[in-house]
Amino acid sequence: MKKRVLSVLLAAAMLSTLLAGCEKKPEAAADGTEAASGDVVTIGVFEPASGDNGAGGKQETLGIQYANYVTPTVEIGGKEYTVQLNIVDNESSNDKAPSAAATLVSAGASVVLGSYGSGVSIAGSDTFKEAGIPVIGVTCTNPQITEGNTHYFRICFLDPFQGTVLANFSSDNFGAKKAYVLTKLGDDYSTGLGHYFTEAFEALGGEVIEETFQEGNSDFTSYITSAKNEGAEVFFAPSSTEVAALLIEQAASQGLEIPLLAGDTWDSNVILNAAEGKNVDIYVSTFYQEGGNPEFDAGIKEWINSDATAKANNGGDDTVSGLTVMGYDAYYVALEALKAAGSTDPAAVNEALWDVTYTGVSGDISFNEIGDANRDAAYIKHANTETGAWDFVAEQSVAE
Amino acid sequence: MKKQTKIIWNVGLIAALLLLLFILEQVVPSSSMLFMVLKKGAIYALVAVSMNLLNGFTGLFSLGQAGFMLLGAYTYAILTIPVESRASVYQYFDGGIVQFAIPVPLALIAGGVVAAVFAFLIGLPVLRLKSDYLAIATLGFAEIIRAVFQWDKLGPLTNGSNLLRNFPTFQSVLYPFIVAGICIGLIVLLINSTYGRAFKAIRDDEIAAEAMGINLAHHKQLAFVISSFFAGVSGGLLAMYQTTIQASMFKSAMTYEILLIVVIGGIGSVTGSCIGSFLFIACSEWWLRFLDNSNLYIGDFHLSFMRPGFRKVVFSVIIMAIVLFYRKGLMGDREFSIEGARRFFQKHFKKKQAVEGGSSHE
Amino acid sequence: MSKENVLKVENVTMQFGGVIAVDNLNLEVNQGEIVSLIGPNGAGKTTAFNVITGVYAPTNGAVYYKGSKIIENHPQGKMKKLYRGENPVMYTGHKVLAPTPDKITALGIARTFQNIRLFKSQTVFENILIAKHLRRTSNVFTATFRLNAKEEARMREEAEELLKIVDLTDVRDELATSLPYGKQRHLEIARALATQPELLLLDEPAAGMNPQETLELTEFIGRIRDEFGLTIFMIEHHMDLVMEISDRIYVLDFGKSIAEGNSEEIRSNPRVIEAYLGGAQDE
Amino acid sequence: MEWITKNLPYLMAGISVGGQYALIAIGYTMVYGILRLINFAHGDIFMVAGLIMVYAVTVMPMPLALLLVVVATVALGFLVERAAYKPLRSAPRMSVMISAIGVSYLLQNLALYITGGLSQQYPAIPWLSDTVTILGATTKRVTLVTPVLTIILVVVLGLLIKYTKVGMAMRAASRDFETSQLMGIKINSVISMTFVIGSFLAAVGSMLYFTNYTGVTPTAGAMPGLKAFVAAVFGGIGSIPGAVIGAFIIGICENIIKGVGWTTFSDAFTFALLIVILIAKPTGLFGEKAIDKV
């Protein structure tokens, strides 16, 4: 009986907090950059920190954090505002995304950055739309994200572009006529990029063998065997880094001799670590090549090395990923928009974003009428399995 | 007379609740997490009650709830996406094969019906199995349904493994409350009818129930189909809440969550499932979020153990504690009622009565 | 005689693996009779009940209720062929029936259990009310939307009546399992009566009762037989009760029927004495 | 010959993963045999074993780390039983099962917290992870070692159960829990022993599994766990040979399905197989039929 009393009291206490909770103004409490005095503007960071895309999300967040470290304040309408980052983990999961997004909305974010992974971006999109908060996609490349929306922008290239780039690359460089495309079921990024690659590759007269795998699958040996049996000349696997590590490992142990191709997600030291010392041939398309801006590289490396958490989030070393660079640029785009809006009101920021132009580390950024970045070049990199670093291969664009 | 006052009380309570929600919506900024919790809580309350109907009232240990929600959600989405946005949603499948849209309430019911039809077909072979075997078989069916919906050959209908979106959603917190409320009301009516009594008889003792002339196969099938119908409706609501859906969301982890809600609320208690649902959602989505904050200080002391993920650890510890120490959940198999609450307070806050108030059940 | 029999068990054999629990049992129960089935522990009495009520499908044999065959089975496989040659009329042309207990109850055969099986989370009243479910005319929709209010009221009324008959009205809202043992037995009988049976099977109704309670029960069984026009077939160990009340008695030992007759005949039957004393383990 | 080189890898992968499922499945089947409990946490114990390895090799030499993994996993299995199942011994079976789901949830979330949600690279165990070529197909040595090791372990376990005192006690307990208790069998130590053996095999299984599939994530145990459980049911729950055979069948079928190109259904197939067997023969391939006593 005593337990029952206790439990009911517990429930009552919880309910009362619920009621108390709604009296309070939503506090922007989550990240404790102590907003001592003065005005604060909140920028939401909507990124995965766990799950399949956790590694990539963390690297992207790192870029945003570094940018915030370099430029912690912004002048809006003549007043100095401290920029507070509110980082929320969307767990790489489409069903957690809306509630993570709602957390940012209730924290009163003026503008949101993210997310790594197209699926979560689409899943969270409507929550932001309803709240009227603009979002700047950092590396989400699926066309559906911005399509038909006026609040979603992005600073990266799109999958139709990326897919074509990679298809052209495989055809030009390897003379490939047969490609094996492995995508993950239910992952918009993976399915989308696979789809556009297939389209472009077939347009070039090639043949494509399409396969899919399920979430939670970690056995890729059968796929690799099939690719070999079918006589594919390139193996295209747009996927998360998590899958990449498994795939590379198994490809190496099964002696897959054809080149492994992937999109921007693979631009990560997870891939380099997995590939180091193994007999695999990996090419990725990405946004940035380390060395493109030595000053930036030096700065961020110093910062990463000085902060143990940051280093761990970057996968344990100071390789600069294209994702980090994009995160960095996205932060400045957001600041530009805030400045141009002259207000922290999300609606004003949204309006201002259309005309923002910014020259970032990854190149010139401006938005077209859909809200997508005007970009026409991607970098192709090759994983050097001896040094464990990326080798620059080509800057590729699509001949229209 | 007594029954009438009871009804009046209950109707009054519901009206007061809806009014409260309405006022809250006017007063509290709509961006508050409160509404998110209320919306999702109402939806989960419905699916938890539907699961309770099976596990708690009929004694069938089924773990297929996520699969039936998937059916409901997909049916709802497929039937309501406006024709003009189908081309962009079904971008890989030339706009899909369904080229019409039906009104939202109809689509919700259709979602329930589709789930119920599948439940009927699945139930025919599966319901003969006992306890754990039934659990694992229904879990298996949910997984199979999930795989089938991701199959790209069905893409023109289901959009393959890709997101479905752009279907009508709700803004007001009243919407899920009213829909879920009506559904839960129906379930309560069923439970208190002669059929509900038969279900409870099956739960208590299958052999005796059968000897009393209760057709086990028929009644189990009935409970299974009805439970799945409401799971389907809640799936439709969930789709509305999430604004996008995808087969990969409906994993067995979702069923486990619902099961935990049922257990926390009390197996065999409808009000318990409702309360459990709101508490569960609030804890997992809202109240414990501060635990994920990595920059929390007490004075100068940095609480370094608090970092993303800590919230979930705390949450699962709380759940384990409830499972181990409050085995019967918040409500046991009792129901919350005005009378019960009054008696409860009388018993515990008036010492005089507390002495004599020892009867073993109310 | 055979014309008016309510229950007829014909050549019933029940085998579990290598154990033959009931061996070629034949018996008849006539309209309005109280017939007892006695025998040492493990003689197969309850198994016979379970066959009659459809819990087990018999290995061989048939059961008739009011002249129509309700359960039938015959050996499978090789044996089947042999029987077919011997007696084609009996073993072919019939579908093998395997009715479930609920269908048998619906026919009008109700039972109680040796180890009391009440619905433990339900009150005394609800236990009886549940058994009223069988004779419903409502379906799940009319029941949910309360379109069956009249029927529901009737069910409740009849259940209240039964409560009165077993004298449990004062504990109406107690949990069934909180009752004393003897009252639980009474409740179980009342619950069986709620299904409106014509034949009532009682499995050791007096087990665990003191002499006073047994006496009351004896009187009670007689009363309900008359009041409801029942035929009663029961398993019992209390010889006082059996001898007092039974019109006829069957004695079972090791699955076989060893004697049949009225109290006097049974009391003086040497095989019965041997079965009870030779086993020397109970009574 | 060409046909062999083409299809051998599927078969090898199937046998190898089947062996790994078998090692996990034994834990399920033994626990179920005695406690009638689906130990949902077993797959997660398997995952934790993988994580322990990841962290252990960073601070100690490989042989020591391997030892630690086994010891720590066994300790974890023992602890989980004592903390989460033992207090519920008299509770309804559903409560215990829910407790198992709770433990699974807790272990996954703990792993999420510790790893920060990122996939951890499983260290290469020398010799086991070397690449070998047989009949023109390249693979890791672990693929070949797994079935052999699995069969050796199962035979040893079989002997243990048949001839040792504790083994006999286990058999007695799984036949009739209450009676064996009355006969003076220390039921708690028998149950602990069951969990110890199950966890030991899960630890060994994790070494083999993660050497092949090198990413350890918080949910890495869920799917193998579920499939191993299906294997246990398939073979007839409570029967060790049944679990092993079931596991091999499922492992091989799964890979054949992938080879044929029906990858969407490779998981669904496992469950379909389960449902078919449950309906056709509810007690599995080697299970015993139980009669309800009325």
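Chains here go by letter, A, B, C and D, matching the order in which they are written, and residues are numbered from 1 within each.
Convention: contacts are C-beta pairs under 8 Å (C-beta built on N, C-alpha and C of every residue); 3 or more make two chains touch, one makes a residue touch a chain.
Everything quoted here is computed from the prediction, not taken from an experiment.
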- Item | Other chains in touch with both subunit C and subunit D | B
- Considering only mean CA positions as chain centres, point out the chain farthest from subunit A. C
- Of all chains shown, the one whose Cα mean is least distant from the combined Cα mean is B
- Message: Using mean CA coordinates as chain centres, what's the gap between subunit A and subunit C in Å?
- Response: 72
- Centroid distance [mean C-alpha coordinates] between subunit C and subunit B, Å: 43
- Query: Counting in whole Å, what is the centre-to-centre distance of subunit A and subunit B, each centre being its mean C-alpha position?
  - Reply: 33
- Contacts with two or more other chains, residues of subunit B listed in rising order: 147, 150, 152, 207, 308-309
- Enumerate the residues of subunit A that touch no fewer than two other chains. 49-50, 89, 185, 212, 214
- Query: Which positions in subunit C touch two or more other chains at once?
  - Reply: 55, 113
- Per the touch rule above, subunit B residues touching subunit A in the complex are 24, 28-34, 36-37, 40, 85, 88, 91-92, 147, 150, 152, 160-163, 165-166, 169, 171, 241-244, 246-249, 254, 275, 278-279, 282-283, 285-287, 289-290, 292-293, 295-297, 308-309, 325-326, 330, 332, 344, 348
- Message: Per the contact definition, I'd like the list of subunit B residues that touch subunit C in the complex.
- Response: 186, 189-190, 193-195, 197-198, 200-201, 203-205, 207-217, 222, 226, 268, 333, 360-361
- Item | Complex interface listing, subunit C residues touching subunit B | 53, 55, 100-103, 105-106, 110-111, 113, 117-122, 126, 129-134, 136, 138, 140, 143-146, 148, 152, 155, 175, 178, 191-192, 194-195
- Contact set on subunit D toward subunit B in their complex: 32, 36, 38, 84, 87-88, 91, 93-95, 97-99, 101-106, 109-110, 112-113, 116-117, 226, 229-230, 233, 264-265, 267-268, 270-272, 274-275, 278-279, 282, 292, 294
- Residue numbers on subunit A that touch subunit D, as the complex places them: 48-51, 54-55, 58, 89, 91, 185, 211-214, 216-219, 221-226, 229, 241-242, 245-246, 249-250, 252-255, 270, 273-274, 312-313
